[in-house]
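In order of appearance the chains are A, B, C, D and E, and numbering begins at 1 in each one.
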């Protein structure tokens, strides 16, 4: 609120500029047009360009064929992605899990040859890119979900077991995490197709927990 | 349309506004907000520890002689935590702060990561990284040179311990090489060992069976602060097995005294008088073990020798210590003395123990004898809940060493420290005498090359400044320390050993425990840096030297040597981690003594030897402490804290972190003083003062502590390092720097429990 | 913050520390540093900027020599239940960003470092000084980073941290229970690092609501008391002492008051 | 602060507190939008000056 | 027409050189503060002398103090627009500017004070509605927005800006709905001033701060709002007086000042009576229940009972009584004394409610905690002062802040 009561004393010498300048007269439509240019432009940029720029694309070091492996192991996903005796989940298998079969090249598949030559023989762990990797502060209990709540692997990870090739790994340039965590849909509207991996943000956890257990859960349930 | 400046501005504004409005309807701002949020929550410089399967490896802690069993927790093969091994017979799961910090000895800025050669002046801290070949060649070359000059005895080795295969391997090396100068840090154990030898004629480690005692009379032993193996003692205390009744006698309310059933404050240095005074009461009131005395004791009563000379017995000699006199000497109330004596004598399983604090100071033979004899009149020798001796485990059945002439000549030279000489016939090592001998020698220094392993004499020796000066006379110093300790930083070459968690070694016995428990410390990780097992290093040097020295070491490496040594035990040790060997003899056989009289000698005849005129019966002679009482009105007394490592192994950062501000404040040591004493001097709590002793001075801060006898200043051991890393160096004062050694006339061992001092306000 | 309704089997983990036994050795502190990736600096002597999840205080009875007595007092986070219903711990309600929370399943007060933005209001609220601020970015020099535990996330500069009763051990114990299709945890399956480390067994840990756990009985020992009970913080850490001066030091009393005579603040179950 | 935030719950505290907040924010937002839009309209709406007769006159 | 002056016609301002010199001096101080601010941001809060016992220190005091002192804006607004005290329109501009400076400073200090500034927005996004600090942050930010909105039209009255048609209209249109903004501001201020009181009052672990029963709600809230309403206008008067002194001219007529002083006086007096009641209950009931006597809280050399006397009697009752009496407030010396005391009083109260809370040991075995701010803290606290001086100088030079200036100082 500034001084509006100037009636008693001084009046300003300054006056607004002449109001009938041609530029201001003709600008109405033009201004609107420019506004719309900005509006539509940013819509296009935000929906199309932005997701592309946000993620860098990487390929897995080996084009792994889940389908083939699943057909020869006895215990489904659990054969390689197993629970340790203490109930913790082993996650990505290390070389030890692979060398039983792949000490030497079995099939001659070029990817297998690469695997054996570049990793098995020198004893280097494969730097797999983890689509489900969570930040360090997260404690996720596979046991609670897979054993406790009897959930299938697919219900979160999608039908990865039937894939014949690895997917391109899209890494968020800002956070370093996989695109899968946020969900493939940049808008997070709608739910993922059946068989697609589910997004894994805290709100996704909370949503499911709320539905299944009646509350979102305490912080320490999933944080460490 | 015409675009002038004004309309350009408004069109731009329109585009921007449109863009802003539009972008709000895209995921970009929202997604970015979320991503930035995640970015700010996961700074790239905050470490993310790698996950992996959790496994455990059992081992034994070798950071002190306690021999505690440990469980090392590993994540994906990475050691991440140390815990106490509940199944281990020594500590049953209990562990001290140092044990819990073990990972900070494995990793950390204090480690020497490759062999180093000194550049620049000694102690300057300039090093050149060299290969192991170069380092071994340098040391072997120097040793070969001295040997070829016919002076192998000018090589000395200082070791932190003489127990176990590693020191024995090095000792064997010294013998094969031809030097008698294998020196070891002496502790209270050495004095008690000698007292036991004098009375029983048996060599071995003294043991106090606290496990089976129900009344502990502690003459200043920090039994809850690191004495007798921390893990073991704390476990016993926690299980209610020790300290059913604990009486603590010392001038300062230590953590042990605080937990004791009774704290009796005593004028420091008068413990012998109290022990004899208690014995006096027990004898006068016939509260002694008549059966033991009558059947197994010699010299309790007056006796006459073969020449017809009459000798006073112990019972007569202690007539000199009636309670009134003892009260005067010790400052303890007169009535308290008989009361204490009766309590002690009437307890079911009483035991008296000595060794100030953690027992780092040897102390006088009289004191050890007096305490031992107090146990003896209670009939407390070689039995359950008593004091006995554990023979050194003779697994060292190695092929006999053949030595050449050079070596043989060298071995016949007298030891540099005078241990075992006529002056100190019963003493094994007198490291504290090394500096003066070195300085006193004219011409070439009697030590031309010094090897240091498992010890840090330039920190732990009394009057460290003088020790350093003496070391200046030694032309060649090689350290095998895994850490850049004070001695290593003053060496010419460092050939770094593995750290405890990387090193294979057996622990022959846990200190103080009455059973023989051998444990195996197995490496829990592959060596992190370019270090070599010190055993391997010595085997390699021997090999380089060739000849008989080489042939004394027929083993490929230390591991082979250890396996060969442990023979049958190896399998058990490797699997289970420890073996327990019973040495218990049936009771009457326990009373077989190897003395001249074949009995337990209250009158230790072995004490009479050569020209020395030490009265064999223990007597109280005030241990003189250094300094003119006129000039130095107070007495400085070091004390041991369980949160500070005062010996050869220094503190880990975690331990220093637990230290309270009334012990260390920033760079300054804090000393305890009785408020009454300080007020008399016009000083306030927290004042900065200059503390001066005849040996040196330091700036310290005062902490008013009611629990200390007036007239004393107490300073913790374990501070004031000058080497290692920023986490340890230049923190406080090294109390050893302020105190000189005082040799016991009998044993030559250091007895300096304190020094006169004075403080002046800054 | 919202109270959850269906927790009939809710546990209230708590601790009983026997001050008559504690020797002040500091093993609990070191075990805690190691277990919980607590950082260390070159100078830790200013205890007001030194991160300790459990700190052992040295108390004296202030009597002159030789009647002096000392007592060591280990203080972890008290995991306060607070006034009234559970969860009104002094710190939880004040946190503006829900970075600290009361877990109704276990009674443990959580702290989420990635959520905390370092306003330090919780520290102002906590009378026990259990909460520590990361004034510096933690540094693990010379490979010490390699010994960090993957079970506890390292903190960054500018956030508050505190004792969690080694909650990750509870999480891990639950993993095992899930694998074995159990609902119940045995008393020994979940113990804090300091409890496990105490070489004299002065610390007992367990579910205060569970009759089978040792703490259930110990908390009703005549020697038992809690720190600053009169402030109604309702802590879940109990202490045992046979010395009146120690009990007196654990709270504030007017000159005429005696520790025993103050109406005990009722514990809320 | 939004119903989709993890901390949100439909309880009385949130409704009162956030209700107050959003109420204040809407007033501020609406007020400012009104002022800006009206000003934009005023300058492009053909008659430039404002039609009131307030005392803050300009010649 | 490009020659439109920046300075209003009809007023006299100091020379460009004099002004530049003054601004350069103040800017130097500002830059010192900015340097310290960046140190705190890039190196972290180890740059301060705060510690785990003193988590709230100089900055939080400065925050609470400037918010209390900036309370002149909301209360003058309340009186002007809602109660309808028209005379106050002659000082309301200045009150708004001072409020704007105070609130923007408070936000800046908060941004320096938090350990992870980039996560500061979590307080909004992940709000815990039970926390006093959340309420403070929300209302503070919203009210700052309101103050900005209130300040904008005044800025737009600068002769040069006023020539832009859009800005001219904007200024006019914002004037039109200013009462709504003012009312919103008052609403928000009542809340956050109160919540600031609650910040300390709810700390039941801190017997020095904690209040029980009605003394926590609504009393702690009420006391803070009331004291801000009482002392904020005093600060406005004080700054006005100083400005008059420096510019060597009268800017606001006495009747305006006296009216505001009178209202402040009554506010202050009623506040201090309430505060006394609160103190008595606390000293006689609340604290003893926790095992403390009143003197336990004042047992340090720094924090002695004189502080309580100073806060309640010296800086409470005395200025209050001066201001409510006609003779008192119309005597220049007494008026000046009273407003200075009131300003000190409220600052002291905020100091006590933050720093003494930290200093008082809760455990009998702990000592009083001591704290001395580091230069970085001092510099960042001085920063807002320099910033305020700059804003005031610019505003006074280029904006029609004091409607009565031309009348009181006719230019020949």
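Here is the rule we use: a contact is a pair of C-beta atoms (placed from the backbone, for glycine too) under 8 Å apart; a residue touches a chain by one contact, two chains touch by 3 or more.
Quick caveat, the model's predicted, so the values are computed rather than measured.
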item	value
Central chain of the complex, centres being mean CA coordinates	C
Highest C-beta pair count, chain pair	B-C
Chain at maximum distance from chain D, centres defined as averaged CA atoms	B
Most distant chain from chain A by Cα centroid	B
Separation of mean Cα positions, chain E and chain C [Å, integer]	39
Mean-CA-position distance for chain E and chain D (Å)	26
Centre-to-centre distance between chain E and chain B (centres being mean Cα positions), rounded to whole Å	63
Approximate Å spacing (C-alpha centroids) for the pair chain A, chain D	36
Junction residues of chain B - those touching two or more other chains	36, 41-42, 46, 48-49, 51
In chain C, residues with contacts to at least two other chains	2, 46, 98, 114-115, 137, 151, 153-154, 156
Shared-contact residues (touching 2 or more other chains) in chain E	116, 119, 122, 125-128, 130, 134, 162, 165, 175, 181
Touching residues (chain side chain C, partner chain E) in the complex	1, 46, 48-49, 57, 59, 82-83, 90, 93-99, 115-121, 123-129, 131-137, 156-160, 227-228, 230-233, 248-249, 251-254, 257, 262
Residues of chain B defined as touching chain C within the complex	41-43, 45-52, 75-76, 78-84, 91, 93-97, 99-101, 103-104, 106-109, 111, 224-225, 230-231, 234-235, 237-239, 253, 255-256, 258-259, 263, 265, 528, 642-643, 653-662, 664-666, 674-676, 705-710, 725-727, 731
In the complex, chain E residues that touch chain C	44-46, 50-56, 113-117, 119-120, 122-123, 126-128, 130-134, 137, 199, 202-207, 210, 288-293, 296, 357-358, 362-365, 369
Residues of chain B touching chain A in the complex	1-2, 4, 6-7, 10-12, 14-23, 25-28, 31-32, 34-36, 38-39, 41-42, 46, 48-49, 51, 53-54
Chain B-touching residues of chain C, taken from the complex the two chains share	21, 23-27, 29-31, 33-35, 37, 40, 42-47, 50, 52, 56, 58, 60, 62-66, 68-72, 114-115, 137-138, 140-151, 153-156, 193, 196-202
